[in-house]
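What follows is a pair of complexes built around chain A, which joins chain B in one and chain C in the other.
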Partner chain A sequence: MIRRYAALIRNAWLVDLQYRASIVLWLLWGVTEPAIALGIWWAIAGEGQIAGYARADFARYFFAVMLINQLTIAWDSWYLDRWIRDGDLNYRLARPLHPAHEAVAENLAYKARTASVILVVWLLVAVVWPAVRLPLAPGRWAITAVAVLLAAAMRFFISFTTGLLAFWTTRATAIMELHAGVSLFLAGRIAPLALLPPAVAGVAGALWFRSMLAFPVDLLTGAVHGTDAIVRGLVGQLVWLAVWIGAYRLAWTRGLRKYGAVGG
Partner chain B sequence: MPSIVAAEQLSKTFQVKVRDPGLQGALRALFRPRYRDVHAVRDVTFRIDPGEIVAFLGPNGAGKTTTLKMLAGLLYPTSGRVEAAGFNPWTGGPPFKRRIALVLGNRQQLVWDLPPEETFLLNRAIYDIAEGDYRERLAELVTLLELGDVLQKPVRQLSLGERMKCELVASLLHRPPLLFLDEPTLGLDVTAQDAIRRFLTEYRDRHGATVLLTSHYMQDVTALASRVLMINRGRLLYDGALEALVARIARTKRIELVLGARGGGGGDGNRVTAEALAAFGAVKSFRFPNAVLEVRREDAPATSARLLAAFSVADLSIEDPPIEEVIRLAFARGVEEEE
Partner chain C sequence: MTNAEGGTRNAEQQGQVDQPATVQRMKPATLFRVPTSAFRVLGAFWRLNLAEELQYRANFVASVLGTLFSMATALLTLSLFFHHTTSLGGWDYWEIVVLLGVFNALTGVIEAVLRPGIGQLAGEVRSGELDLVLVKPVDAQGFVSFRRLDIWRFTDVVLGLGLAGYALFRLGQTPSLGQLAAFGLSLAAAAVVVYAIWVVLMSLAFWFVSVENIAVLFDAVYEGARYPVSAYPGALRFLFVYLIPIAWTTTIPASALTGRLRPEFALAAALVAGLAFALARALWRAALRRYSGASG
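Here is the complex of A and B:
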């Protein structure tokens, strides 16, 4: 299986190298949104604090968002939707390799290249701008790595499962867009959850949105502290990951039976 | 010899949403969708032996590709039973998939932006092909398909024919005993079509592979298939040799004549007239010195003898009517009623 993943990732990178401009565009896209959010909160915060967040806290928060969003984001619903509707799923189903493996490999390839660039940018900025420096805390970083892994797995299954809806509807990507729109607020992309009205933040925590991004970000910046809060966050991630894996399995087996295999 | 493919009472029914035209229809479909059953394949039964090349014949939408996709495990049958390469395609999983190849004329697995060799290497990893086997098989396929220098060019720069050849390479590196080919020569020029047909026959002879294909080109069928499965509106109309189908459907044969410089025989000495030929059979075309007559199958030998006696003939051949015409007749009239 390692050899297969190596071959899949190699091909993904080879294709990327054909489109150097698009790599830059994706990176700009990944950087722009948190940069704008940071700019706004920077201005609003002034010399004071909002819900405990001063300027430097916002800076650390959005640099963490920039990095962790790239590490956990999944585009699979767009690919799946196209595979199913154009019939490109056909030859993938005829191979002795579950199509999800190709999707996971694509994710690893994408994440490795964008996240590594963002990490380098963060390090360089940290040299000249002390506000975005993180305290040295290897233990916290290790727990964050686990939370990032869980978030990435969950977002993968959310995206993959939503893409599978293309077996039934032609609007699968619209559903994913809607989810992305909601997560802009509920996952903490536009503001730390602590700044949202408590009811809204409660919804984000009860559903899977906090586990997607805000929780690992808060872990990294130190906003989540205490063993209790950390364990509760990780358990929440595990529960929602299990739910989405269940949803994926249901959609996959039901969807294949429903499949029209396009053409002929 | 056990069959490599067996289908029993195989059926596939799709549910298709029906919508009345116009905005009102769209609104009604939104709130109260109606569905109609489309019976793409109905109670199809057949067996295929190892090493056979079998073609599915039928007009667009007849159910050929649907049948092929059920055999390959892409589509779930509504009812009936399938066994292919020793597996139920639906539950066979990776062991089944290692024993088949699926080539779709209108879809490609080659990575568009990379040279074909990168897709081959990917498949080497996916199918766990040992390095030595990979090199040996690649060399064989490249030679048989005359692919020489295209392996390093990006796929997007290849011609359609080169692409289809590379698709075949990618699909056959794991040397599957059972090949499903859906329109493998679609859109190719005559030379490329011919190359692919020669390759498929050669490949079958070398490795004893079984080939099931669908095609719109009768040439594919006549050149490749020892047996045809004729499908129309989801039903199997005929299963057997192509020649036997022609014999059953076509009650006539064609006698093609090239008349000698001196026509001889009837009429005014050395001009043969259409009227004179009409005494022997239906004149399909006549332009001195070429003539085509249509006669009843069983009369063909006797009529030929009489023609040779009556005229000075440079050449004479007895042919079946063009296969396209036979097939058209078969679909128009059905096969059974000819018996």
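Here is the complex of A and C:
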């Protein structure tokens, strides 16, 4: 299995390498949203604080969002939608390897490339701009790595499962867009959850949205502290990951039964 | 003009064909030649286009729902900002809603005309399909830009202007005739500026052939037009006013409508639009000279 994965990842890496410029474009697209949000919050915060967030806190928060969003984002619903509608799924089903493995390998290759670019840029910016420097805390970074892994796995299953809806509807990607719109607020892409009305932040915590992005980001910046809060956050991630894996299994088995291959 | 003549003519523009003496002399191509033949061809294309789109009426509902959803997200985002402040860059809530209305109206123009038309160019440069455009006896830029319309997205223009109107009502303002005229002019100028940005981006595809999804770059930058430029830090503001002129696409028309700027300012907007268009046209021609075809 490891050899298979190595081959899949190498393949995905080489394919990406052909489209370096495209990847830079997607990267730029990914960082503008947090950059603009930072610009606006920077203006609003002025010299004061909003819910405990001063300018430098916003800067750290949105730099962390750029990095962790890139590490956890999953485009799979768009791919699956196309595979199912064009019939590209057919030859993938004929392989002796579940198509999800190819998708996971692609994710790993893509994320390794883009996230390392963001990390380097962050380090360079931190040299000249003290506001975005994080305190040295290897233990916290290690826990963040675990949380990022869980978030990435969950977002992968969300995206994959939503893409599988293409077995039943032609608007699977629209559903994913809807999810992206909601997660703009609930996952903390536009503002730290602490700035949302408490009821809304509560919904974000009760559903899977906080686990997707806001929790790992807050872990990295230090907004989540205390063993209790950290353990609760990680358990929440595990629970929702399990739920989405269950949803994926259901959609995959039911969907395949319904699938009448298209194309040749 | 016959097809054969036109084809030769386009080839001449690329400097690939010696001028045959038998072909009737054409007027030299000036920068702003009115492409009358293009209008005829486009008219035919649009009729076919309309007939095709009318078959998919469910797309209309989906498009309206999508627009309403994105408007709702934008308004909620704004409410979140204003939950913590009373003004953004000196603008209050409903003033920015006017701006969001303008933003939506322009998004309609982009999605209905630019993305389905000139937005496809980068891919065609790569695949060589552009050859098929260049042999048509029409101005290539005009044809590429307006060949296909996603008519349902024009509803975004209506919804956007409706939102701007409602926000004006909430502001308790009735714009004067002068303000309305200034708004109309600066909105038209905004559309031209957006168009010019697309032409520039797509022309870049002639140099960077592998960048099929260069439109993503536009989406990234255009996000910045959701808020008045005065809300941004100095460097970003400079960028949006002078280098990537998206400030002229939403901030200026919205300011004209709410009376933040004197109506005469619309003339400056028109000037900027003219300049942007001329630069884009020049770049397009330089790009086309580079093109040597890729299909075989």
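Quick notes
The rule is short, and it goes like this: the second predicted complex is superposed on the first by the 262 of 264 C-alpha atoms of A that agree within 3 Å, B and C clash if a C-alpha of one lies under 4 Å from a C-alpha of the other, contacts with A are read in each partner's own complex, and residues count from 1 in each chain.
Heads up, the rule we're going with is that a contact is a pair of C-beta atoms (placed from the backbone, for glycine too) under 8 Å apart; a residue touches a chain by one contact, two chains touch by 3 or more.
Just so you know, these numbers come straight off a predicted model, no measurement behind them.
Of the two partner chains placed around the shared chain by superposition, chain B is the only one that A:Asn90 touches, whereas chain C remains out of contact.
By the touch criterion defined above, A:Leu250 reaches neither chain B nor chain C. Of the two partner chains placed by superposition, A:Val235 touches none, neither chain B nor chain C. By the touch criterion defined above, A:Ala137 lies against neither chain B nor chain C after alignment on the C-alpha atoms of chain A. Applying the stated contact rule after C-alpha superposition, one finds that A:Leu123 touches neither chain B nor chain C.
Shared-chain residue A:Ala206: touches no atom of chain B or chain C. In the superposed model, A:Gln18 makes contact with both chain B and chain C.
Overlap of the chain B and chain C interfaces on chain A comprises residues 18-19. Per the touch definition, chain C reaches chain A in the complex via residues 62, 66, 69-70, 73, 76-77, 80-81, 83-85, 88-89, 208, 210-214, 216-217, 219-221, 223-224, 226-227, 231-233, 236. By the touch rule above, chain B contacts chain A in their complex via residues 14, 61, 64-66, 68-69, 72-76, 93-95, 97-98, 100-102, 104, 106-109, 111, 113-114, 118-119, 121-128, 154, 182, 214.
Contact residues on chain A toward chain B in their complex (touch as defined above): 3-4, 6-8, 11, 14-15, 18-19, 86-88, 90-91, 93-97, 256-257, 259-261, 263-264. Those residues of chain A lying in contact with chain C across their complex are 18-22, 25-26, 28-29, 32-33, 36, 39-44, 50-51, 171, 174, 177-178, 181, 184-185, 190-191, 195-197.
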